[in-house]
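After the structure tokens below, expect a handful of questions from me.
Lettered A, B, C and D in written order, each chain numbered from 1.
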Amino acid sequence: MPRKVEFTDTEFMIAQGARLLEDGKTFFVGWGIPQIVAILEQKLYVPNVEQLFECGAVGPQSVLPFVRGTMGGPQNTYRSLQWLNMNWAFSYSASGYMDYGMLGALQVDPYGNINSTYLGGTFEKPERRFAGSGGGNQVASHCWRTVVIIKHEGRRFVPKVEFITSPGYLTGPGAREKAGLPKDTGPYRVVTSKALFGFDERTKEMTLLSVLRGITPEEVVKEMAFRPRIAETVTEIHPPTEDELRLLREEIDPSRIIIRGEKMTAIA
Amino acid sequence: MEYRFEHPDEFRAFVRDRKSRKPFDKICTAKEAVSRFVADGDYIVYDFSSLTRGPQSLIREVIRQKKKDLWIGAEFTLHESALLTGAGCATRIDVGFLGYGNYIGQAVCDGRVKVYEWTNGGLALRILAGARGVPFLPTRDLLGSDNLSVSAAKVIPDPYTGLPVCLVPALNPDVAFLHVHQADIHGDARIFGTNLFALEAALASRRVIVSAEEIVEPDEFRKDPMRTTIPYFLVDAVVHAPFGAYPGAMPARYEIDLEHVDRLNGIRNDDQMRKYLDENIYSVADHEEFLDKRVGARRMKELRRKASITEGYR
Amino acid sequence: MEYRFEHPDEFRAFVRDRKSRKPFDKICTAKEAVSRFVADGDYIVYDFSSLTRGPQSLIREVIRQKKKDLWIGAEFTLHESALLTGAGCATRIDVGFLGYGNYIGQAVCDGRVKVYEWTNGGLALRILAGARGVPFLPTRDLLGSDNLSVSAAKVIPDPYTGLPVCLVPALNPDVAFLHVHQADIHGDARIFGTNLFALEAALASRRVIVSAEEIVEPDEFRKDPMRTTIPYFLVDAVVHAPFGAYPGAMPARYEIDLEHVDRLNGIRNDDQMRKYLDENIYSVADHEEFLDKRVGARRMKELRRKASITEGYR
Amino acid sequence: MPRKVEFTDTEFMIAQGARLLEDGKTFFVGWGIPQIVAILEQKLYVPNVEQLFECGAVGPQSVLPFVRGTMGGPQNTYRSLQWLNMNWAFSYSASGYMDYGMLGALQVDPYGNINSTYLGGTFEKPERRFAGSGGGNQVASHCWRTVVIIKHEGRRFVPKVEFITSPGYLTGPGAREKAGLPKDTGPYRVVTSKALFGFDERTKEMTLLSVLRGITPEEVVKEMAFRPRIAETVTEIHPPTEDELRLLREEIDPSRIIIRGEKMTAIA
């Protein structure tokens, strides 16, 4: 019998992210939501994943409940394999040891370029200013596969980002290599609160792969300011599972400071 | 694009002429350290973030002394960029991660402070270049991004492969602030846990102010050389500053005061900023008075108790 | 001038495809490790010197297996360059410090082995470049010297100051040998005391063979992350090798066997070399038999006792 | 009443070296004899000197008696302020923190260029091959003042070294700077088993400053394959003092493995 699940858009993005990674891989974890994704995936799906934080924590295994804000603190860098510093952390990624990277974004464009610096106006005189790269630029440059997590809002999917904070495929096929970025790297998936995108192997354009159960591809696409490519077969993403939600709500973020968000429902 | 740069030979000459290699007693108050070693117009760099082992008592002293026209290099600047800007001390910021709260974002939009993008990796690499005495270091990031176009980073073809490679210029700050777990009176210092670029910043900066939770005997360092983060001869002043990272956390010593941090996050306009600065900085003579009158022993005890994870921090 | 170089993208592809990130049991014998991970023609790098924490048992195993046409990168090569050359294994050496004994000097003069000068600083920097994934790193030495003219280092004008700056190409060896105090079965490793470029070499090399005085529980590393020198996922093989640095010293574990070292220093011609190799390497099946039959428990006990300084080594 | 002292040429060089340095300075110590110089000077003249070894020992205070051969071992790196690695050691010197450096040499020329790589033939096909630079090139490039220690033998003082392993003033005034080496660095003194040389401030040529008591400047110069400049007043160097010899022979190197050498005498 079909059962309706209730969850937040954030919970859905986290659950999707956690299902993406392979076991036995390394994961360069950005600040905030990617940290929660890493914890959930490791608890539930891929125990043998080593995380890396840009502050120099290699292989951290955060304590639960998750403590927000302080990526460099004892809770989040708990039981690391190694504590180093930032220049070493980026040596791990630059030399090819980081398989996946995960980043949030303000804006993303069809080539997976990320803006997290400003919106409106110019760089010198922006209308709204945000945190900027942090280590995002390095993560998106060095990791073999970068995953972007972004809320599914129209204004976030633009034909061209106002500022490339972290590089996607830039202007298309070959552009990363031409710019000097490491070969065969680039955006791998874009996880949104409604759908999952990949990138076309040939054209490097963002491609709709899957949508949340109960949503149509058209609904997903009409909210975007550019029209993505659409996979021949768009698959269905099941909503957060009971295990995912229980872990998130009971063990990882019981105060719901991070997993709160817009309410959504779907059929389990 | 404007950037801070010093010819490596000039920096070397400063190190030769102005940095003492003698182990003498460098203990002083934050007031003395900041008035002696921080000048208007200086470039300041510091290790870690507002929430983790940041040199918050030194930052507050800079504000108290109303330093002007500072340029700060900050990886994870959450609150100090807002406070230093709101207090009229900082006019330029190299980032990093310009986190959060509306105040600093609005100040950038209003043109009250200029922000230069180097990214965390780029800034850490610039400081490493400064520490290694070379004018630049190469990297395979920044490339293709707009951070490159709004910075003074340059792209050259690598002479070995022909690949375009990004070069970032060395950064040699005027002053580095480092808040540490332990120091001795000469300046030898230990940090436990990860750091961003503590030794790099100490080597690359003209002046180094260490503030320490605890002062230990100099002999401790020679008994355990693998644990020394900074040797004394890089350091100019040592400030004994228990709770120096407050309201942030000192790993394995005390936790974040989330309530105080929320107050900081809530600052949205100049009125609120002025009120915060008055209450927490201008109206108290120093860090000790701040702790007594604005934090209190009960709160400190509670934050100490919360720091229950100590494994590995030694 | 001939030099070892690999395009950073090729090295990265190797790391992606051929280095496992899984923590599995990598314990094996030196014989297995060398036969599996060292091929004829390989470039080998190792940490520290013949007299201090050198991977001597692994070097002897390479000789025992009669590997050919090796190129070694050696900072302080006192005996292993002579042994590897005398045994017909090494044909090229990047130095470093090509110390001592007449044998290796004569072999260079005779053209039996080619030596390339990079200097200690240059070689360490090349390995750092390999570890950082950049094709070169800049330095303000080598300049003006003949080491520059006989190496593949290049001079470019620094784009920030116009200063001539020396660039050394990245070095990504085929294999790194690291002899450590403690390792676990996955390859996590700890070195106590100084090191030359242990983590750099582990990151920069395609294959990493760790030999360890002691095997400890994996959990030990996560309890004390500041002490980890190498995390497991850089490592391909772990060999348990007590007295692996013999006849050199393992800091805080055992001292140099000066008598054996003097025998090595005394090798002046091929007859003496053959005799040494036969007696100490070819005629024994492995490191354990070497220890039993050529060193002996009494001598080992004595060398252990002499290692009286342990302060700081933990 | 004049008293005759007996000592070896090595002892004399070590004693001279130990008298050169100032207190409160840093000292990048090369392998071998410079280590003994550093120990003697610190015991006797300048307690507040911090040594640096290229293997990454910052501020080591060697145990006595001195243990030869193993610069990186526990005896020689005892009671260091900090244990790091080689790339960090050279960062200390490159950023200007090392005041003095001290190196041995096979050959030295009038501009203080050092050869320690080969003698005779060519680099590719030498007649005699030696250890080469080690970290000597970096020491001579980075330190403010480099001191060379060399036995006073004619074949060692040549008009032009066969190979510049570690740079002196290269071809003369301004040549170091033109090559890109750090400004205001270079050879400071050459300590020999008979004399002490400096470098002319204007021409950068090696200049005889002092000779061992009982030897004339002419005797010193006639053994050299080039004619050095000679200071207006050549001063006298007193032979090793009782304290110097006692420390060397009783505490530092009682087995006399390092301090042995050619016998010399002089009036104390």
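Here is the rule we go by: a residue touches a chain if its C-beta (ideal position, glycine included) is under 8 Å from a C-beta of that chain, and two chains touch if they have at least 3 such contacts.
Everything numeric here is computed off the predicted structure, so don't read it as measured data.
Common neighbours of chain A and chain C under the contact definition above: B.
Rounded to whole angstrom units, the spacing between the C-alpha centres of chain B and chain C is 38. Centroid to centroid, with C-alpha atoms defining each point, chain A and chain D lie 58 Å apart. Rounded to whole angstrom units, the spacing between the C-alpha centres of chain C and chain D is 29. Look at where the CA atoms of chain B average out and do the same for chain D: the two points lie 40 Å apart. Residue numbers of chain C whose C-beta contacts span two or more other chains: 8, 132-134, 139-140, 163, 165, 193, 223, 225-226, 311-312. Those residues of chain D in touch with two or more other chains are numbered 57, 77, 79-80, 83, 90, 94, 142, 182.
Interchain contacts give a graph that is no line, ring or star and is not complete, per the touch definition above. Contact annotation for chain pairs lists A-B, A-C, B-C, B-D, C-D, with touch applied as defined.
By the touch criterion given at the top, residues 23-26, 48-50, 57-59, 61, 77, 79-83, 88, 90-92, 94-97, 99, 142, 144, 182-184 of chain D touch chain B in their complex. Chain C contributes residues 48-49, 51-53, 75-76, 95-100, 104-106, 108-109, 111, 115, 117, 119-122, 124-125, 128, 139-147, 150, 155, 163-166, 193-198, 200, 248-249, 251-252, 256, 261, 307, 309-313 to its touches with chain D in the complex.
Of all the residues in chain B, the ones that touch chain D in their complex are 8-9, 11-16, 19-23, 130-134, 188, 199, 203-204, 221-223, 225-226, 228, 231-234.
Of all the residues in chain A, the ones that touch chain B in their complex are 31, 53-57, 63, 69-75, 77-80, 83-87, 90, 94, 117, 121, 123-138, 141-142, 163-167, 170, 175-176, 178-182.
By the touch rule above, chain B contacts chain C in their complex via residues 5, 7-8, 132-140, 154, 156, 158-161, 163, 165, 167, 169-170, 192-193, 223-227, 311-312.
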